[in-house]
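Have a look at the structure below, then the notes.
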Amino acid sequence: MYDSGKIIAGLIIFIVIASLPFTMNLGKASIKPEPSINTFAINQMAKKQCIESKAYMKTTHMQMLNNWRDEVVRDGNRLYVASDGKEYNMSLQNTCMHCHTNKDKFCDECHNYVAVKPYCWDCHIVPKEGAFVPVAAKAAPAPAAVPGPINVHFAVGKYDIPDEAQHGLTALAAYLQKNESASVVISGYTDKTGDPAKNEELAKNRAKAVREVFRAAGISDERIVMKKPEVITGSADNAEARRVDVSIAEGKGV
Amino acid sequence: MGVNRREFLKFVSMSTLLGLGGTTVAASVKKELEASGPYIPDPKGINAKRWAMAVDMRKFKSDEDIQKCIDACHQVHNVPEADPAHPTQEIKWIWTESYERAFPGNEDEYLAAHYKHMPFLILCNHCENPPCVRVCPTKATFKRHTDGIVMMDMHRCIGCRFCMAACPYGARSFNFRDPRPFIKRDLNQEFPTRTKGVVEKCTFCYERLAKGLQPACAEVSNGAIAFGDLDDPESPVRKVIDNNFTIRRKPELGTHPSVYYVIGGQEHA
Amino acid sequence: MLEKALKGGRTYWTWVAALLAVIGVGVACYIYQFFMGLGITGMSRDVSWGFYIAQFTFLVGVAASGVMVVLPFYLHDYKAFGKITILGEFLAIPAVLMCMLFIFVDMGQPLRVLNVLLHPTLNSVMFYDMCVLAGYLVLNILVGWTSLGAERKGVAPPKWVKPFVILSIAWAPSIHTVTAFLYAGLPGRHFWLSAIMAARFLASAFAGGPALLIILALIVRKYSKFDPGKEAIQTLGKIVTYFMITSTFFLGLEFFTAFYSGIPGHMQSFIYLYKGLEGHHQLVPLMWISTIFAVIALCILVFPFLRRNETILAIAAGLVFISLWIDKGFGLIVGGFVPNPFEGITEYWPTTPEFLIAAGVWAIGFLVLTILYKIAVSIKEESGGEAIH
């Protein structure tokens, strides 16, 4: 080969550079994105519904936002009539982000996964945790009766909060918002089966998941008490045991 | 030997260029044709054929009155303060200038001091024949056909600043740096900030008009700023123009500005 | 043909290395500007166009001036320009490239530059500017490369080149007219609102561009075996002379209108530039250097016996180039923004990063020029030099 030294050297350099994206990311296989809709506003909805169907939003929200932008800025149209007839104000900041207040757990989940950096956020303001909680919920000082403790039950090996538990948690959250002096005590449990070390982790994760619900409702961390139980494997009945106990306590940081 | 190396390389690069270029064109055409969905104006919004403003300088009793208008606008729109290290790279949507500065060409050394130092509120004039719109290469600034507001599309602006050169009134500001660290007031969560590299200016509070509200400056001006439809004889702005002598800035340029000023007589003294 | 640029002596590679160093510094500064924003420059709310646009304006003129050697040769069979035409075309290419780069580094949102093509705006002069600059670049590359390639093979260029040559001759003044229209149509800027803006631009372009070409031709003769021709250089000298006279005359016309009419709006920018206004006089020394250089250059150029001495001609050409660079660059652009629409004054001077970015772009231009000239000269050395048409 003519100039074989230079050619082979060049080829090697090229292969190294071209394979950098693979070699640099070895062992860092990204976890499948799981956008979370665990926000106060969404939890409050009787029927959790976005402007259009989840599938449509997933594939088309980019074009939709582009169209919204042109309609609002360039044509002066403000309302979007969804396919179910409901009217929505066309605004990323004031409509979408009012429900999806958790940008980093929702928008960023998928965007980070596909390494997309939409520059919307250079201008459009990202809501803070606890933003857009309806003013009424914050202001009313009515001393309601202290709600009783609730148990959130989980599936085997799982720590995502089932839908049926949301209502109870939302009620507790609402109470906490109205009563600034109250705090919530959270304790996580597992059943007796399985590896004890893994179970300890699982109990913690379950408690953390419940904690997120309260954080999303704007309750500050000093009012959320994570109380580790003496024994994390609860009662004899396995289904009963896989739970988190949530109760209200008076005074902060009990 | 059919094709030699040079021919092959030429062929490959041309095909790549055409392929890339072709798909880009096809994609953008496809986007235009895609289902655009039903969009309607907000029924709460107020409309006009041609929005205009009349600033009655007689009704401003103090500097605080005027500063309130400026603060209201800059607060509602998240306008940043100037970087102290670069005061000439400031951003302002509405501010004050003396008579000579607001109406250059009208200088007169014998003008009464009271008028010379009157702090005229200066903002974008939303001209009927705007030079800035004429020069914008991307239509990032454009005249809204519905109501005559000279709008800014921050998403499209390429930051070439041709509009700033074209505006005879110095109404436009450029974001020389990221504005967010310099927004000293509480952020208005309902309105975006801007990013570095785009031009901005007063937009006659189009987002408030869409909700049926008056522009921020007019709302806090205590009646000093009248805002309304120039085409409607019953509108507040027409009432001011009908009953007072009004002037506009640099009318000889043919821009047909929509901001009128009432200077008044000695009752303000 | 590109391989010709890879063979060179010590001088050549030292020059290329120096250019690459300047480019490197410029790129680093540009990355800084890209992330921090244009606030790192000396521009302000009042002076919203500065050094970058000034360089662009000047370089469009240099690019257009290629027509000054192409036209006599192709349209009027002026054989003396046979060897120098390629140098003219290959000067136009880096000049247009630098224009486009200067616009790019001046933009606030450079990644959105394609918006100009995605949303064509037929009433915007800037849209046309982008189109004509791109078109001119393509034309010059096409014509220059094809002609040179044909010469290398020792044949006449293909017949289809001729219409493109004619097109480039018509296109050249148009790029500079469109650039002048950027300024001449703005109602608020009285310094620029002049009917002879485009005429001034063209006159100064046809003086400044050939002046640079004279110097480049002399350098080429010194450092290679290719001689563009004594007569060609002398004719260029005559072109520079007449157009410099015209350009200076046009400037005088502007002065007359401004000062005889006495209208403040027309006078104030001139007063700021040449005398100082309300205590602001940062540009006065620069403008007077430009004037003095122009006067000296004209005094030399007017006399044929002085022009015939190529060293003196080179000096005069250099003075012309610098004088016009100051006048069309700094003077014209900054003068348009001072005083501002409120008759207030904000002065302007480029910051160091801004200057380094501009230097980087100039270095890129000179690198492209060096490479193209190296190729052209190498081929001409081999083939004996005459363009055939």
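To keep things simple, chains are lettered A, B and C as they appear, and every chain counts its residues starting from 1.
The rule we apply is simple: a residue touches a chain if its C-beta (ideal position, glycine included) is under 8 Å from a C-beta of that chain, and two chains touch if they have at least 3 such contacts.
Computed from a predicted structure; not experimentally measured.
Novice: With subunit B excluded and the rest untouched, write the groups of chains still joined, or say one piece.
Specialist: Contact components excluding subunit B, positions unchanged: A | C.
Novice: Closest chain to the protein's overall Cα mean, using per-chain Cα means, please.
Specialist: Here the chain at the core of the arrangement is B.
Novice: Could you work out how far the Cα centre of subunit A sits from that of subunit B, in whole Å?
Specialist: That gives a centre separation of 39 Å.
Novice: So how far apart, in whole Å, are subunit B and subunit C when each is placed at the average of its C-alpha atoms?
Specialist: The separation of the two C-alpha centroids amounts to 35 Å.
Novice: Taking the mean of the C-alpha atoms as each chain's centre, how many Å separate subunit A from subunit C?
Specialist: For subunit A versus subunit C, the centre distance works out to 58 Å.
Novice: Residues of subunit B touching 2+ other chains?
Specialist: 178 - these are the residues of subunit B that touch more than one other chain.
Novice: Flag every residue of subunit C that touches subunit B in the complex, lowest number first.
Specialist: Residues of subunit C touching subunit B: 36-39, 41, 43-46, 48-49, 103, 106-110, 112-113, 115-116, 118-119, 121, 123-127, 130, 182-183, 185-189, 264-265, 336-337, 340-344, 346.
Novice: Where on subunit B does subunit A make contact in their complex?
Specialist: Against subunit A, subunit B makes touches at 31, 34, 36-42, 45, 142, 144, 146-147, 151, 153-155, 178, 187, 189-195, 206, 210.
Novice: Which positions of subunit A touch subunit B when the two form their complex?
Specialist: Within the complex, subunit A touches subunit B at residues 63-64, 66-67, 69, 71, 73-81, 87, 89-90, 93-94, 119, 122-125, 127, 131.
Novice: Give the list of subunit B residues in touch with subunit C in this complex.
Specialist: Its residues touching subunit C are 28, 83, 86, 88-92, 97, 100-102, 104-105, 131, 134-140, 156-162, 164-170, 173-178, 196-199, 250, 253-255.
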